[in-house]
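First subunit A sits with subunit B, and in the next complex the same chain sits with subunit C.
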Partner chain A sequence: MKLLEVKNLKTYFFIHDQEIPAVDGVDLTINKGEVVALIGESGSGKSVTSMSIMGLIDSPGKIMEGEILFHRNELFTDNLLKKSDRELQGIRGNEISMIYQDPITSLHPMLKVGDQVAEVLQIHKKMGKKQAKREAVEMLKRVGISDAEQRADELPEKFSGGMRQRIMIAMAMISNPKLLIADEPTTALDVTIQAEILDLLRKMGQEEDAAILLITHDLGVVAEMADRVCVMYCGKIMEEADAKELFKHPKNPYTQGLMECIPRIDDDRRKTLQIIEGYVPHPTDFPKGCRFSTRCPKVMDRCREELPELIEIEPGHKVRCFLY
Partner chain B sequence: MKTEFAVNLGKKIFYQAIVLVMILVIILIASGIPTDFNVYYEYGQYHWSMSLEEVRLNIFQHFQGFLSGEIFDVVIAGESIGTLFRSAFVLSLKVLFGGTVLAFLIGVPKGILDSRKRGKSGTFKLLQSYIPLSIPDVLTVGLVQFGAIYLYYNDITFFGLGPIHFLGDESWLSTIYPIISISILPAAYMSRITASTIEDLYTKQFIITARGKGCSFGQILRQHMMKNIVFEILSSSPTIMAVMFSSLIIIERLFYYQGLGYHLIFFFSSYSLTPEQASAAFAVFIMGLAFFYYMLFMGFKGMKTWILPKIKES
Partner chain C sequence: MEIIRVENLHKKFTLKSKILEIPTGLVHAVNGVDFSIDKGKTLGLVGESGSGKSTTGRLLLRLLQPTEGRVYLEGRDISEIKNREFRKIRKDIQMVFQNPYAVLDYKMTIEDILTQPLHIHKIVHPLEYSKEVERLLRIVGLSKKDRKKFPHEFSGGQRQRIGIARALSTKPKFVVCDEPVSALDVSVQSQIINLLKELQEEFHLSYLFIAHGLNVIKHVSDQVAVMYLGKIVEKGDVEAIFQRPKHPYTIALMSASPIPDPEAKRERTHLKKEIPSALEIPSGCSFHNRCPKKMDICERVTPKLIGEGDYQVACHLVEGVASHGSSA
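Now for the complex of A and B:
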């Protein structure tokens, strides 16, 4: 059952009279309880997509067109882009939650962590401060904060990066959201902590039956977590497929390039690491045709002139490329 | 660690006490110069209205009178200088305190409105804060007085208070206009501080997290920003206070409100007092004002340098 449908989402930024199409016609579907990974290089529009879903795009950014359909249940569907800010406040943190890349800066430095977690319940469940705090302590225990009763009264500076990300997860999951957006949740963390946080995310998602939109550029994380993967490049979805299928049979030359970049433990050590040649084009200077045409090893004349559509080549496998 | 802190604090207080004593001595010397002392140019030559020996003697007597406390007993218009100073000090304190409270009550909400209107009618809103900051304070006070005169002569009243006279200090109502006048500049200042703090905080990741939790602007403001706003305003309090003290003299003089500032100008310019009376009274008032300002300034500065960072750290 579909939970969230993003249709033709266009989010542009207007800086110094220049139009920057950060997200340019993105289509995305997330089903109930599913883990969807949105991958791509830095600047490909992953985070802007997630912020658009949350309704947190500020000036100079603007959502130009599209639909974000949130299926509350079989009967009720809301287009989040038609909602007022007040209505969105009732959805944010309640039905759709988000955790961010940097747990160090995501928590208010002058507020106790317990209060920051409890605030969600006070806003959305209209709980009293004491009851919300009790629930927050329970949630902190669930995400693995030891001595939660005492530590709930401490400021974020007393916690390590990994612990702070656990607190962020507690904050995001305390209201039992239907969708959790995790924007590069392990990027700022020590490698040894990353697996713990991913495990916790997966466990919490399963326990609460929440869908997860996982934004990352770490293909290892994707392989570990995702049911389905969408590959973004320069504001467009280049390929979408089941995770296993995508890793086994990447179709788009960009996805293939990404896969080849992953170093493997059994690789010949003398072999040079693969890279995708060239640079990501500047957002104000995207090529006329396919956005990847300036770097694609299989580029054709047509690619430079026309933008290919995202077409379904197999059930559940969509590709944006003239080769298919 | 605590001992080191105490030693550092002690040193600072000692240095500041020396600075305060130096300032007071300089003021006492300056105010000890007789008010009828003059240097003039006549027939191609400079002349002194009295000998330097007389000036030196006057300064010396001034010091003696001040240190023995006799200076406070000098009688002016039937009241001792000490009594006059106390009543004037209370009047000035009312204006300063009322002005601070009013400035906070106007400035913070105005700053909040300015920051929220950014990109809409922002430029006009911003100008409302910039105009009072950019025009001379005497003009601001003059405009308030002009409004007060207009209201008085047209019998326009608010909240059933009746017509408020635009001069004097007979009733508590007379404090209203000086308070309004003294609060305008600090209110504009606080408004800019509030607006810029909100603008600055609004892009911080923890505020984005709060918005992501579903907090409304009001909740973000109360729970996540107010501490920072108050911190910023308190950090700027030495500057705000300097602005208020400089306005105090003008305001009290223009509104004929007999606080410290009014008396300072009166003593210096009145012909109804003997030079000795004027000099003694001026010395007491200027020393009192300087001492009061210095203590307040150091209190706020100490809070900015020592207490606020400690609270932030803890």
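Now for the complex of A and C:
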């Protein structure tokens, strides 16, 4: 069952009289309870997509076009772009919650962590302070904070990076959201901590039956977590498929290049790494045709002139490329 | 031939209170590190944040003053040399930094940035400067048209190429690469890794390659040293470390590294807790409070780094180590 549908989303930024098409016609569907990974490099528009869903785009950014449909249940569907700020506040942090890369900037430095987690319930579930605090402590236990009763009364600075991310997860999950958006949730963490946080995210998602939109640049993280993957490049989705299918049969030359150019812990170290030529274009001068045409090893004349459509070549596998 | 050897390197930082500057704590960031690197070879130094790997790199370049220990460059002890004298040696030891945005002076053209070290270290005659700049740009894969541009006109990957050209301008023997690809886009990382490897072959450079990503370390290193809280816990040939890791920390680190394949088999070793603060390093083996295979002895006795030939490990689990351990 569909939970969230993003249709033809265009979010542009206007800086110094220049138009920057950060997200340029993105279609994205997230089903109930599913983990969808949005993978891309810096400037691909993956974070702007998530901010657009959360209604957090502010000047100089503007959502130009599109629909973001949130299916609350079988009967009710909301277009999040048509909602007032007040209505959105009732959804944000409640039915759709979000965790970010850097937990320290998302936690209030002067408030006890237990109160910060409890506040979600007080605001969204109209719960009394005492009861909210009790539930917050329970939640902190579930995300793996030991001595949660005592530690709930400490400030964020007393916690390490991994623990802070656990607190963020507690805060995001306590409202029992239908969708959790995780924007680079482990990029700032060490690998041993990363593994633990990914395990926790997966567990919490399953227990609460929440869908997860995972935004990352790390193919390793995608392989560990995702059911379905969307590959973004320069504001466009280049390929979309089931995780297993995508890693086995990547179709778009960009996806293929990404898979081949990453050094792997389990391959032969003497071989020279495959590379993708060139650099990610600056958002003010994206190429005219296919966005990857300036770097693509299989580029044809047509690619430089026209933009290919995202087409379904096999059930569930969509590619934006003239080769197919 | 040995290019660089480090013996018993220590670095302690004293923390002071904000107003009266009363010492409040001691951070033992690097705690007795030994290694050597041969000509044309790479030692990969891997560890999590707070393990002291970057501090080690900085100590070699004298960007930080070691508290204790010796550094030998081609057999010559350079640890006692005064800072002024050390400048002469610095042309033999160079560094490639993580963040190429911060390294390059934004008000200087690329030509100026690359000419400066040529001038300071008198690498070539002033009349040859422009030819040398062209050569440097060529070897890192930039065109000579780029010489009049400013750093902001380049992308991250190109800036890292300029950083590498700058490091190579003094014709160094030894280069410390401190996380050279971690700030770059995924699709650009492999270009820089390949470039560093090509340059190593061409100029017989030796690298100390510092990174937290095991996949990158495996790809560039001949030898690997794993650091944890200021100490090397295991080191050896890259194949030995990756095929038969013995230290529980190395094993955990490997099992935690994500593999880009959804169908890969994963046997995760779970670690308890998180890396302790360097202010409160646990007694005995500093890994004991997270180790899944902890024994009683680990709390009391610091295991020594022992082994045969190139391979060394510091763990009581490895046979015969316990009897050699010293009291902490």
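Everything below uses one rule, namely that the second predicted complex is superposed on the first by the 323 of 324 C-alpha atoms of A that agree within 3 Å, B and C clash if a C-alpha of one lies under 4 Å from a C-alpha of the other, contacts with A are read in each partner's own complex, and residues count from 1 in each chain.
The rule is simple: a residue touches a chain if its C-beta (ideal position, glycine included) is under 8 Å from a C-beta of that chain, and two chains touch if they have at least 3 such contacts.
All of these numbers come straight from a predicted model, not from anything done at the bench.
When both complexes are superposed on subunit A, subunit B and subunit C fit side by side without a clash.
With both structures placed on the common chain, the touch criterion links A:Leu323 to neither subunit B nor subunit C. By the document's definition of touching, of the two partners only subunit C reaches A:Ile262; subunit B does not. Taking subunit B and subunit C in turn and counting the residues of subunit A each one touches, the greater count comes from C.
Shared-chain residue A:Val120: touches subunit B; no touch with subunit C.
When the two complexes are overlaid on their common chain A, residue A:Met300 makes contact with neither subunit B nor subunit C. Of the two partner chains, subunit C is the only one that A:Ser160 touches; subunit B does not reach it.
The angle formed at subunit A by the C-alpha centres of subunit B and subunit C is 80 degrees to the nearest 10.
Judged by the touch definition given at the top, the superposed model places A:Ile15 against neither subunit B nor subunit C.
When the shared chain is aligned, subunit B comes close enough to touch A:Met54, but subunit C does not.
Judged by the touch definition given at the top, the superposed model places A:Asp102 against subunit B, while subunit C stays out of reach.
Figure legend note: subunit B and subunit C, brought together by superposition on chain A, show a least Cα distance of 6 Å. Listing the residues of subunit A that touch subunit C in their complex gives 41-42, 160, 162-163, 190-196, 198-199, 217-224, 226, 243-244, 247, 257-259, 261-266, 269, 272-276, 279-280, 282, 295.
Across the complex, subunit A is touched by residues 48-49, 155-158, 185-191, 193-194, 197, 212-216, 218-221, 238, 242, 252-264, 266, 268, 270-271, 274-275 of subunit C.
Taken together, the subunit B residues at the contact with subunit A in this complex read 119, 202-206, 208-216, 219, 223-224, 227-228, 312. Chain contact summary for the complex, subunit A toward subunit B: residues 54, 56, 58-59, 86, 89-94, 97-98, 100, 102, 105-111, 119-120, 123-124, 168, 171.
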